[in-house]
């Protein structure tokens, strides 16, 4: 049993909502325990400066940003090296499911704002961005779901909190596209054997499948409401 | 050359009407939700029509400014997140976010909303209060929405404890020393008419703008004129009157 | 009587000179007590980058800048948030009197340097910029004059010094275009009743009219000299 | 639209061969020269084929981070010098150099290579260890080359003396407290095949990338996936296996 | 391809004459006004023809540099205000203002004009002297004009008082510890001829430039060569001679 | 005799190598005692942004950069005011020998990295850049060689170390193009009579001639190797 009463392979309380902002062409809200991310998508749209345009496909840009009030110690506004790296791996995690060749020379902008952070912010951001892309009507091969796993006291555990992250032997965020059965993000900090890595990734993938259900549910809800 | 949309807004104003059917002196509905951000000492989300602003208050302990050794430090920042509008771009704060932050800062500061002297801890330490405005969706009138969000977040903030030279964010020791609640009211001039609480399309069509911030006692604590045309003293008087009237319902939404 | 012996509605010693620099197309020097501002104007001229060009009118740019030696504590060079805000409200204060539609797609640059600061720097800057615009031969509906007013010990007072600003209940900088009878800049920090605001603005406007006379005088002097 | 060069790399991969004649699972020769920079506490130049990276270690004394009062500070930076490639430009670090620096940082940090607790001097002072990677010529796989260079430079660094509150760089007091030697192995996926140690042209043609950093005991201390395609769990397992195998010869080159 | 204007300047130089009728070795008139900025500890405005530079000296109290614990700190900055020339643009200092600031800094520093040891207050505090050059109108030869302005402003500065750990700018305690007065003389080479004190149009047409800074005793304290051509040792000797001669009248204008 | 046993007009141990990097079109390595510089050259190549293009000649750009580990106290990465000034004077020192009019509208980039610094870094950088330009096949009137000289205890001394620089009455870096008999860089910090300056420069020029021999030797070696 974990500090917050969850079983090892249990997700934190998960809330996914699609279409939460008016101006963004697609948007979503994701809450995983005390981590809250929102995402908004614009595009495909004209891309400036022109030298960024790609002749055969869309240019996918992502900005991951932490609100100044999202952490215990205030986060100074602006992109630091960490958020630049996360922006890149998040874009790479989402691109595999997008039909990028449909929109040559254009750009899609994905903006992720972390409003509240308690570990797993990049995963929550991917989950929100993926739903926002679908909400924007971007043609996709499926959704990408993400969650971290790790090993604490010999147990493989899913969806770590910040307190657990401090005690874990490793933190392994994984993004997964269930429709393609592909891992699209994989990072790790820690100390695990090869076997442990395989097992932790398996646990994470099972978690991603649960997240995926919630994402699909949120999109269905949105369209159900739209039909009423 | 006005755009067609600007021309249309001007025409409507002349007839005394607006794009969304409001009266010229009618505010959009203001919905305020507080304490929605657990990582902040105080927080509030304001929806003013389709304008959505989140304010988060973070507190830390630092040194006082040299010229104000007995006072805590208050700082307001604003970020127009690029998801809030198709025309917003990521990057360092532009003049719009700087203006919002500075006008909200003056409004809170000059109203003496926070008793900054009560934020002194000892000769070398004072509380530093950061209010950050995060614009999530943009449909005009950021100053009034941002001001409401900042005031609501400050009013409901819970101070962390300061123990053995460290801030303990897991325990709380009460509210900030609040002494007043300022409210901002923005009016624009379009085609000679005065409209309160402009939407984005109205702001684009506006000739001039005035923000009047009003304290509980009806006194004015800050003014900010914007826009590339001027206004007469009669128009000023009418804008002051509108502010005095409109602040009441906004103030109610703060309760 | 005020600390410096002035009556409530008396301006500080005011010096206005037009055409003080050789290179700028128009320039001016304004001294209001111990506050000294100079301004230089270039344009209308070609505007880069092109996306700033406006199809139907001139693009008016203003940069308000404090010299590092203009304050007791050295001002670090470069634009901070305060000077960016002032640059914007100053541009807005001057635009109403300019025939902007005469020069589509071009730009006018107004550069204000505060050489010495003792309160009222934005007003001194506007006063100098307005004369510099006229000196540059930019077609205008009239000049803009500016001065702050406030309330000290129950009295409405004009053109505050830094020491007075510290004691005033409010500092209200006002820019006014006498030819159009329009207020073109209005800001306030402080605590005043509605009636007080109206009265303080009236006092400021009367002050602006006196400043306006000095501005006109300076321009006349310049042309008189040019005729000799 | 693949470029012609990318298409050629894909074709070769399909046949199990590579531009420079290597086997798919063959690393380029890694040459390491240490102590080449006299002004650094430790240094190493790594040549991995035509990729040349110099790592320099500088040490100074500073304050510990507030949340880790008993630990020294380790920081890794990377600069892609513009002479290293016709496409590199001078300027602030771009995303490539940030990624190299951050992955090497995590590799060194998570492997516990340096016993950071032994870098504490007293309650207010700790050693600050800066590792700077300077890329002199670029032909792909910067992470593995940079990681090798950083580890070799740290392993051979000599600490300056700290006397009377000052660092004396003219005298040395021994090695850093080294407890492990991590090694990074990068594999790319091209046209469904897995290739280790990609050259620049192979990186340009790659669909996905995985860096696996391995400690002395075979355990993994960091992972970093890159590239705009995904991979299956089977591919992951094969990449982990390749890393376990390839790290051995790289580890030899460190001796 | 020379511009027409550059060609004309070259032609004139060949005949030994200049655009404004000066002799090749003739300085423009230098007018110096001191103490014109009340908010500065020292100030000077120099008019060298149509080049106008204001220097302001600000003093504060700070820590000494670690490698010079017994010396005050001197720093020179320069800003080419955008009103000074139609081609100047607002923004961070460009290479021209950096060069002016650094050459004037070296001239003041190497001449030992200020006895920096006398600026030490106690073991932790020294006077920090900032000289800021503000270029108000540009017509060439910023280094000589800036150097004159800096020297005049420092020579006439009045030190504020340092009392109870604070600087009191309302009281003054005497002059800076001045020990020398350096003067800079700049010569350009145009079409093989040497011209002192170039105007803007002459600078644009110049092939090479040399600034020689001279102390009271005739010794040289700094040199700075500029321009995309070289010069012979004979030309160097002539430029040194010109500097030795011309510095005298400039030195007179400082009195 | 000097601290390191050298005669007054003796260079430090000098190593010059041409063609040390694969990607740069020309490159060189220069070691002068404990100062180590490398340089790489790209161009003539298309120049962006276009407004930098010169109608009648090549645009020569130079970036002088100190590696963070090249000094006792770590050098913060990025260009400071000193390196910007040196970049400029180094470009000016090299331009006189380049046939710039051969390549209108294009750009040549010279990148200098100081790997280890013990005085004389700008001179070592010029020496490396000059050989790298030749190695890149840029048409030149000859090479530029550089070395500093000074006066210590009444003696004129060549090629100062950092320890000597601290004791010298002046540090005078000189760049010289032997083929044209022209001084192309000259700076000085210190206190010397006019006569001393002339003598110090003469000593430096003699040093430059020795450096020049080593540069020519390095280029010959490179081509000899290429012939084998």
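Letters are used for the chains, namely A, B, C, D, E and F, taken in the order the chains are written, and counting of residues starts over at 1 for each.
Basically, a residue touches a chain if its C-beta (ideal position, glycine included) is under 8 Å from a C-beta of that chain, and two chains touch if they have at least 3 such contacts.
In this text, all values refer to a predicted model and were calculated from it rather than measured experimentally.
Participant: Show which chains lie in contact with subunit A and also with subunit D.
Facilitator: none
Participant: Return the chains common to the contact lists of subunit C and subunit E.
Facilitator: none
Participant: Which one of the chains is farthest from subunit E, going by Cα centres?
Facilitator: A
Participant: Using mean CA coordinates as chain centres, what's the subunit B-subunit C distance in Å?
Facilitator: One centre to the other, that is 27 Å.
Participant: With chain centres taken as the means of their Cα atoms, state the distance from subunit B to subunit F in Å.
Facilitator: Measuring from centre to centre gives 57 Å for this pair.
Participant: Measure off the straight-line distance from the CA centroid of subunit A to the CA centroid of subunit B, and report it in whole Å.
Facilitator: 32
Participant: Among the residues of subunit B, pick out those that touch two or more other chains and give their numbers.
Facilitator: Answer for subunit B, listing residues that touch two or more other chains: 93.
Participant: Taking each residue of subunit F in turn, which ones touch at least two of the other chains?
Facilitator: none
Participant: Based on which chains are in contact, what kind of graph results: line, ring, star, complete or other?
Facilitator: Shape = ring; chains linked end to end, path closes on itself.
Participant: Could you list the chains in ring order, beginning with subunit C and heading to subunit E next?
Facilitator: Here the ring order, subunit C leading and subunit E following, is C, E, F, D, A, B.
Participant: Using the touch rule from the top, collect the residues of subunit B that touch subunit C in their complex.
Facilitator: Against subunit C, subunit B makes touches at 1, 93, 95, 98-99, 101-102, 106, 109-112, 210, 215, 218-233, 236-237, 240-241, 244.
Participant: Please name which positions on subunit C make contact with subunit B in the complex.
Facilitator: Residues in contact with subunit B: 55-56, 81-82, 84-85, 88-89, 92, 95-96, 172, 177, 180-194, 197-198, 201-202, 205.
Participant: If you look only at subunit A, which of its residues touch subunit B in the complex?
Facilitator: Interface residues on the subunit A side: 21-24, 27, 34, 36, 38-40, 42, 45, 63, 65, 67-74, 77-79, 109, 111, 113, 115-118.
Participant: Going by the contact rule at the top, pick out the subunit E residues touching subunit C in the complex.
Facilitator: Result: residues 37-40, 43, 50, 52, 54, 56-58, 60, 77, 79, 81-86, 90, 92-93, 130, 132, 134, 136-139, 169 of subunit E touch subunit C.
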